[in-house]
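A, B, C and D label the chains in the order they appear, each numbered from 1.
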Amino acid sequence: MHYILDAIDFVLQPWSYFLFSVIAFWAMIKYREKWTEPAFAVKLLWGAIGAIVFSMVYSVHFREIASLPDNVPIFLMVFSVGFFTWLSFRQGVLNDRRIAQGQPPIEKETSDKKVYVWPDLVYIEFIATVVAGVVLLIWSLCLHAPLEQAATPAWTPNPSKAPWYFLGLQEMLVYYDPWLAGVVFPTLIIVGLMAIPYIDKNPKGAGYYTFNERKLAIIPFLFGFFILWVTLIFLGTFMRGPGWNFFGPYENWDLHKVVVLNNVNLSEYIWVRILGIGLPSNFLLREIWGFLAVGFYLIGLPPLLTKKIPLLQELLEKMGVVRYGILIFLFLSMAALPIKMVLRWLINLKYIVAIPEIFFNI
Amino acid sequence: MLDKLKKKIDEIFAQSPSPEAVKKAIAEGQVWKSIFRHGYPDTPRNRVMAVLSNVFLHLHPVKARHSGVKMSYTWCMGGLSFFLFLNLTVTGILLMFYYRPTAEYAYYDIVALREHVPLGIMREIHRWGAHAMVIAVWLHMFRVFMTGSYKPPREFNWVIGVILLVITLLLSFTGYLLPWDQLAMWAITVGTNMARATPFMGYEGPGASMIQIGGVHLVNGGSDIHFALLGGHFVSEATLIRFYVLHCVVVPIVAATLMAIHFWRVRKDGGISGPL
Amino acid sequence: MLDKLKKKIDEIFAQSPSPEAVKKAIAEGQVWKSIFRHGYPDTPRNRVMAVLSNVFLHLHPVKARHSGVKMSYTWCMGGLSFFLFLNLTVTGILLMFYYRPTAEYAYYDIVALREHVPLGIMREIHRWGAHAMVIAVWLHMFRVFMTGSYKPPREFNWVIGVILLVITLLLSFTGYLLPWDQLAMWAITVGTNMARATPFMGYEGPGASMIQIGGVHLVNGGSDIHFALLGGHFVSEATLIRFYVLHCVVVPIVAATLMAIHFWRVRKDGGISGPL
Amino acid sequence: MHYILDAIDFVLQPWSYFLFSVIAFWAMIKYREKWTEPAFAVKLLWGAIGAIVFSMVYSVHFREIASLPDNVPIFLMVFSVGFFTWLSFRQGVLNDRRIAQGQPPIEKETSDKKVYVWPDLVYIEFIATVVAGVVLLIWSLCLHAPLEQAATPAWTPNPSKAPWYFLGLQEMLVYYDPWLAGVVFPTLIIVGLMAIPYIDKNPKGAGYYTFNERKLAIIPFLFGFFILWVTLIFLGTFMRGPGWNFFGPYENWDLHKVVVLNNVNLSEYIWVRILGIGLPSNFLLREIWGFLAVGFYLIGLPPLLTKKIPLLQELLEKMGVVRYGILIFLFLSMAALPIKMVLRWLINLKYIVAIPEIFFNI
């Protein structure tokens, strides 16, 4: 057992964790017909429960972290997100089959039938309220709310973690500076979410579960929600230890673990390593390559992509310039995180633009 | 007069009214009618009136799509979020009676709550309810997305929903500080440190150093958005009272107002979504 | 793509749109439409839609009796009470940021508010607004009585109005203690001493001495309603936190809920009253 | 001037203050045609302002009390109640004249005409909001909120007064014990107010100002509001000093004023003074006369009154037994205060029923 745990710890690195997530995501989209079968889903469920039981039984460290009271909601979240993902895909797949056969979605069959809210809906609400109340009561009776020692500025716990729902943002801090990871990206997430209804002009798929009719909307949204939010929360909880260093899920959090940081800025890569002429003293000149890269990414890339990819061409026609421009900008912003992650892992890139003089690092 | 009264009493006893008659007399008396406007019997008219004439039920339409009522469609997550909000309001108010938001009392009031109240689970219900609400709001949003329920005419209600998501996280975040233990203090320190890097408004943010008059930086550690948020250079007693008021009054009021608009628009936009 | 953009920009400049055209483009764009549902121009349809499609304005009916709109009829006192309530909510929240409800800080926080805030009139607005609200509520009630506006079908809304009157007095009364000066402490002492004499529930009330088991009085100075209200035998720190929570959260929530019902019923009962 | 002030102080006693109030109330009802004339009303207004200016100028004591910041709202209340009483009576009198001539009330003329709430009503609301905001702002700029010394249980101010809007209840404490004045009567006030719409079955006078059509409703309501609430607040503010003793409005509050209290219980009056046989030791027997009096008042009096007074007879017919019974009970409860006042002033009556053993004093 010991060897299995060690092997998992060895295999799991930030890059491989990310890679496995993306593969799982791809498989989820690709094989949706398969895993939405109830029989298969039950197997998946047992697999997940088995993995957790296994981890809890054989790793004292994992058990300790997992049983912190404030980490219990994370399991609740993972399982409920999993279940409801299954439920929505299941209904989407069934509807897609019906639509392929020229039938309307299943919701259509009863959508014209109206029921009285009192008592039909109020009754369901009442039952749901009672069930939710009882669950909450039992949870509260079984599990004490955490209370650590009194607050003191004199001693900083290591690791210091934000509340669990913000761990995705805290993970972003590894790759981007606070002004981006803590301010600009969260703002863009919120703005981007708000913009969805104004960007998605696809009239189909309103009011019923479907996948095929809304692929272009669902895939990016779920990529953001699953890969850039939920899995990062899981990572931040179980695999970030003292000094925000990466640890395998079963690896003890060694306060003295030293991680070699040999990250290099883009300016140094180009001026020093490639051109071999040293860094210019003027910081605008020094960071010229970074500015070019970022400028190309945000301004040059969109027209290029649009010209090359027929799908985008088509989107532009449909959506008009303004909507399309916003869509592409938001999409590139979202892609900025995985791109920087990959660059970090591949070439140890630290900053693309690095002007610490005015706290302007990208 | 006395005779009349006696006669009246005799009459009442003579009739020996059945429980149904009493029920009917109440349900058709002036007091009941003035409160509920409609009778008790289960007729379609009264079903309609029950919703129309009650300020709480009238958040609902009178009738709803059968498909929209099903739990497999809505997952009940919007309702669950609302239920948890009400739950958190009630438990939060009860907790307030035992809590003083000052550095010397806050932590020990929480300890007292745990030590001196037999079977006291108010704080537990409040904390776990808060976590559950975050998850419920996410799942509600997930459902709305997967059913394309943000599409016209519901665009703006999705926007309000996004704001409500932010509000939910803010509520949870501001409440996180109040127990005033190490977990609270450092989680908030980590979370609020970001504010220092706000472009132009935080003193470690890009552009802040450009805002100066005659070489004097206007955005510095004692004047930036981070300072305004915490009421000081780091998480301290001034932060505690700020977060307390934000958590207990300001954010809940904003949340309740937005919820009212949210529910109102659900109705105005045609009720729970469904295929056309 | 670039050509297109250029062309688009050229087009925009070529047209050199008038302010009206911009206004129109905004008012008929998807964002505006999704928020407001109706256009901007002043047509009867839009006047109706302005009320129907706004959750705050829809407290009103679409149309009202001309006689009911006149100030000589309504005196505007209901609206004024509501305005003062909103005003008190805002100033109250601002005051909360500077106030800690503990015996050692409360008074000095108020002193600091007076001494250290230049031109600070938050507390003044709050206090005078509170007095004004008591008067406004009385006058509103007086108007409703004098116009017989409590008559059917408005009976129950009058009842809610009476409860709101009591709530207003309770809000004022609980707030009276918070400055924690002599005026506050002794006014509340005088006011709450009455509770000791509550029949059966106060230990100096008639009947309390009858509630005993085996000679042990169940209602005594440490178990009666007066003790529950004050959290002690006299006005003390425990009273302060109780009144603080009641004043800042509990009573306002009850008030807001009842106001929602009150306004709702004004509409349901046919708007502002008028002769049949 | 000195003599005038002293004369007023001499004349004003609780009983005379009450008497003058009642006379003024009677005159208000009786001569409503006269004083609702704008010209006369202006005279009244100048009279009131003159009286206040006179008092402020010539009496330091009055000026001191009147200028306490928390007493300023009382002037606001008195003047606004006065103004709106005038306004409602004015409109009522005009409508009554129209009705007497067979015309509908003036409100009727425009009540069928509907106006759009947006913008007509919203506009008025907006203006009213701005005006109210400005008034509040000016008031707040001109007058500091009061702040006395820090609270201390060690020193009790004398007089200790409740907030001004509760002074009517505090005044009641002079005549009734706390369980009645502080608990039962306030409850009955609230319940009585709530009961109004269910008791007043008069279908006339809904939605317009009138007096003649609703005499029976308006007179008791206004008696309660003016005589038993507003004037008692005024009395409590300006004429109750240290020890809750009565002072004339211009009389200095002497901490050492001694008021001879020679109030006597009903039981002593009857057993000792009339029957001359001393108080029985059993308290139920001792208070038998009080119980009889209260019992007669609450149970015996209603049928008697109903039989003797044709108006009540008529009311009973119209309203039915239940409503009529509630009305009479509430009415007798309201009358209990002035009755006890008069008994105190006339025969120094202390308690009608006095059982201090169980705190049951009436």
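Keep in mind that, in the parts below, contacts are C-beta pairs under 8 Å (C-beta built on N, C-alpha and C of every residue); 3 or more make two chains touch, one makes a residue touch a chain.
Not measured: the values here are computed from a predicted model.
Student: If you tally the C-beta contacts for C-D and for B-D, which one comes out higher?
Tutor: C-D
Student: How many Å are there between the centre of chain C and the centre of chain D, using C-alpha atoms for each centre?
Tutor: Computed value for the inter-centroid distance: 27 Å.
Student: Which whole number of Å gives the spacing of the CA centres of chain A and chain C?
Tutor: Averaging C-alpha atoms per chain gives centres 42 Å apart.
Student: Any idea how many Å lie between the Cα centroids of chain B and chain C?
Tutor: Measuring from centre to centre gives 18 Å for this pair.
Student: Can you pull out the residues of chain A that are in contact with at least two other chains?
Tutor: Residues 197-198.
Student: Could you list the positions in chain B whose residues touch two or more of the other chains?
Tutor: Residues 30, 34, 152, 155-156 of chain B touch two or more partner chains.
Student: For this assembly, give the contact graph shape among line, ring, star, complete and other.
Tutor: Its topology fits none of the listed shapes; call it other.
Student: Chain C touches which residues of chain D in the complex?
Tutor: Within the complex, chain D touches chain C at residues 70, 73, 76-77, 80-81, 84-85, 87-88, 91-92, 104-105, 107-122, 124-125, 128-129, 132-133, 136-137, 139-141, 143-153, 155-157, 160-166, 169-170, 177-179, 181-184, 190, 193-194, 196-198, 200, 202-210, 214, 217-218, 221, 225, 355, 358-360.
Student: Residue numbers of chain C touching chain B in their complex, please.
Tutor: Listed in rising order, the residues of chain C that touch chain B are 30, 34-35, 37, 53, 55, 58, 89, 93, 96-97, 100-102, 105, 152-153, 155-156, 241-242, 245, 248-250, 253, 260-261, 264-265, 268.
Student: Taking the touch rule as given, give the residues of chain C at its contact with chain A in the complex, in rising order.
Tutor: Where chain C meets chain A, its residues are 1-2, 4-5, 8, 30-31, 34.
Student: So in the complex, the part of chain A that touches chain C is made up of which residues?
Tutor: 197-198, 302-303, 306-307, 316, 321
Student: Going by the contact rule set out above, which residues of chain C touch chain D in the complex?
Tutor: Per the touch definition, chain C meets chain D at residues 44, 47-48, 50-51, 57, 60-73, 75-76, 79-80, 83-84, 87, 107-108, 110-111, 114, 121, 123-129, 131-132, 134-135, 138-139, 142-143, 145-152, 154-156, 158-159, 162-163, 165-166, 169, 172-173, 176, 179-187, 189-191, 193-199, 202, 204-210, 234-236, 273-276.
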